[in-house]
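Next come two complexes, and both contain subunit A; in the first it sits with subunit B, in the second with subunit C.
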Partner chain A sequence: MISAIYNFALTTGANRVIRGARIEHVCGDPTLSAEKDYAFGMRIVTTALQTLTIAVPGPTLFDPMASGKEAAHAS
Partner chain B sequence: MRLEMGTFPVTDITFGRATRYDAGRLTVDCDAVLAAVRQDPRIASAELEIAKPGESVRIWPVRDVIEPRIKVEGPGVCYPGICGREIATVGEGRTHRLAGMGVVEVSSVNWHDAGGDFVETYLDMSGHYGEMYPYQKLLHLCLVVEPDSTLNEEVKNYAVHKAALTVADQLGEAVRALAPPEYQIFELTPVDPKLPKVIYIWCVHSPQAMSGSPSAFCTATYGLTQLTPPWYLHPNEILDGALTGPYRTAFAMSWTVANNPLLLDLYRRHGRDWNFLGVISLRTEWTTQTEKQLMANQTAKLAQQLGADGAVVTWDAGGNEFIEVVRSIQACERLGIKTVFLTSEDDATDGAPTMLEPLPEADAIVSTSFFKNVTLAVPEAPAVARVIGLPTKIVRRGSTIGLHGGVDGAALPTAGPLPPPWRYDDHYGFTSLSCIE
Partner chain C sequence: MSGPLRIVHYVNQFFGGIGGEDQAHVGVSVRAGAVGPGRVLEKALGDDARVEATLVCGDNFASENEADAARAIGAELDRLKPDVLVAGPAFGSGRYGLACALACKVAQGRGIPAITAMHPENPGASNARRGIYIVPTGASTTSMQAALDALAPLARRLGRGQTLGPSEAEGYMPRGTRRVHDRGRPGYQRALDMLLDKLHGRPYRSEVPYAPPERVSPAPPIADLARARIAMVTTGGLVRKGNPDRQVSANAVRYHRHTVAELESLSPAEWEAYHAGYFNHIVNSNPNYILPLSFLRDLERQGKVGRVHEYIYALPGVSTPVAVSAGHGRSIAADLKAGRVDGALLVAT
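For the complex of A and B:
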């Protein structure tokens, strides 16, 4: 699940939570040029797809801006 | 900061040849009041109607309920900053208020045009649905007002709310020079240093993220509605209307904010049970986790710097705004500030948590109930004899709203039986509603 307010996703039990940008634009950034906005969105979506191949022990947060690596477990 | 509050209880409202107050009886010069409203060229139509408790009357749409308050001595104006009013710091001097009544802003104008945020509140002056509102017990002067249809939504909001404040001002002028029947002094006097220091953290929705505008109409702090870092307000400023205006649910109106029983109780018991430090007003609906946490941290830091031993927290919204609210509670507790949370609860349907992010630090919670009218099994409001406002009401239905059994978006006669709006929240504990076991 891609979410800007990722704590909700974690506390409601989503297993793979990907950090999105903002509530208004979860997979984009209108302050960027069209080209960079596309790349930014692709990075988030690609991270989301990659996490499907990763086994997780429970609700887990992934940060696309941290090279797609696992960022934190829900406590 | 010392505020003398003169209260003029209103026991009857009639129309007459001059606007005046006499022993509880408020006479309103309808033509003169409407002439003041119509001075604004943005106003296309304006009428006044009176509604009394117990009447078979339905008022729709109710955008706001305003208690007339007027500055008699001291700087500024009541309800400062909003709709272009002056922004001098209020809370000093003398204010007169007309108690037991409201000026109801009745208009088809929606909050903003971003969608999904509709005015839904109607008010029945008799019957079970209106009983859930504190406003059913008030006498009302209703301003039915429409702006020039060619204006944009923000200007329309500005125009109709300014018009309602103009009506309130006109009524307030009637008691400016009179000696108030009731009189109270509000001052945070020095108290026994051993008393615990208590801060009120009052979370207020900002429409900025939803509307895309930093100046969209909503509950305003000196007229500002955008996302801002926490404000420190003297409670007298709030009694003079520095925090004012409606939010979409019926329990966040100008009247509600000015009469918040929690604020008044915190004040009343200052020097006896605690040392009331004042109000931190936190704007909510920040749109990243980082911003939400930052506001929570700064709110708690401010409370700590003010010396708070304890905090009471309220909010006026729902959804993602819960994060900065509950994280503020957590941040306060981690700084050693004992915190109590007054809140409505979310619907537990399908096993969802009644709080979006339950945190162990939020361990002292006062529930003001679930406020989905379907959950409360609030039946349809029956037909009424008279309607003030629009003749039809669009009824929205669907799984998220919880209203079923009819066509979504159907326009029903306002005078006929109507389902109650899908939810409302008793943010400040006006009623005795509590959690459902």
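For the complex of A and C:
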């Protein structure tokens, strides 16, 4: 699940949670240039797709902006 | 009120003495007086109450022919006109629990008070808890006496036309209804007492019931994204421009499935957001923010994703009861499974 209110998603039991940009524009950022907006959105979507290839023990947060870092678990 | 309390008791084929699973298909029949657990019930009820008749129905019949069973139970109740209907106890037996809940609903629909008893995890309790009185029991018949001792005084009072107090005081399971009442002391005092109890490590009980969210086992990982079929779902209120499907902006009772088989991305000329819970204008300029079709098409072209599923699913995820949302989720998931989808991206606003 891609969501900007990722804590909600984690506490209500979504297992693969990807941090989105903002509630009003989850997969991208219109304040950026068109090119950067697209790259940002692509990063979120690619991160989301990668999480589908990873086994998770339970609700787990993946932050597209925290590159190289380990995923953070909900509890 | 004069005369003894008149009770009709609903039991399944097993407790009605007809037989076990081999007799679960039998339809509704009626016996005069108490049968099986009805005799224990009668004792628990005390002197001025008697089980007038026992309705017996096979569990399979009740679950497979619900409308017929309801009609037959209703006809007997119309004829017998009891003061109260008691169903079960069903303990942990799922079909029996559902049948007991059904019998209670049929009675209540006729203005006859009704009460049943079963294990809290019985599907009859979880599916039908709203609006009917259910006394919690253990999972097996060994708790029969305790169950009927707890149920009998409530049945008596219901039969005498009395209303029961709140579930926490009376011992039945919460029915999901709220009633205005006076707790005697104002909220700030109760809250401070609770806080003090908490700080001192004393036991305290919140007045706000907490229902923990359902735990869902994580789906196993996809072995190879390049061969996977990926679908997209959004709770961001995506609709076709002008909302021709007449979707609501909150508390959706249905979701919509749209085909994107021919689309490269979601154009603001053809799609928009209709959602009462956030500022929609930004999405209206680029709907791919809540349903990332443009990105997935690029990845599909690059061979990083096997295939973009031809259908998308959309609804506004706001002000919707959890039970309704769970129903939407189950239905979408079943459709995705039937469409041989390997993984889905759900974008939530």
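Points worth noting:
Simple rule for what comes next: the second predicted complex is superposed on the first by the 71 of 75 C-alpha atoms of A that agree within 3 Å, B and C clash if a C-alpha of one lies under 4 Å from a C-alpha of the other, contacts with A are read in each partner's own complex, and residues count from 1 in each chain.
Everything below uses one rule, namely that a residue touches a chain if its C-beta (ideal position, glycine included) is under 8 Å from a C-beta of that chain, and two chains touch if they have at least 3 such contacts.
Predicted model only: the values in this text are computed from it and were never measured.
Using the contact criterion defined above for the overlaid structures, shared-chain residue A:48 touches subunit C, although it does not reach subunit B. In the superposition on chain A, contact is made by A:23 with both subunit B and subunit C.
Note on subunit A: of its two partners subunit C and subunit B, the one contacting more of its residues is C. Applying the stated contact rule after C-alpha superposition, one finds that A:1 touches subunit C and leaves subunit B untouched.
Of the two partner chains placed by superposition, subunit B and subunit C are both touched by A:11.
Common to the subunit B and subunit C interfaces on subunit A are residues 4-5, 11-12, 23-24. Residues of subunit A touching subunit C in their complex: 1-5, 9, 11-13, 15-16, 20, 23-28, 30, 41-42, 44-46, 48-50, 52-58.
By the touch criterion stated above, subunit B contacts subunit A in their complex at residues 209, 212, 287-289, 292, 320, 323, 352-353, 356-358. The residues of subunit C lying in touch with subunit A in their complex are 213-216, 218-223, 225, 228, 230, 236, 278-283, 285-286, 288-290, 292, 295-296, 298-299, 304-305, 342-343, 345-349. Those residues of subunit A that touch subunit B in the shared complex are 4-8, 11-12, 19, 21-24.
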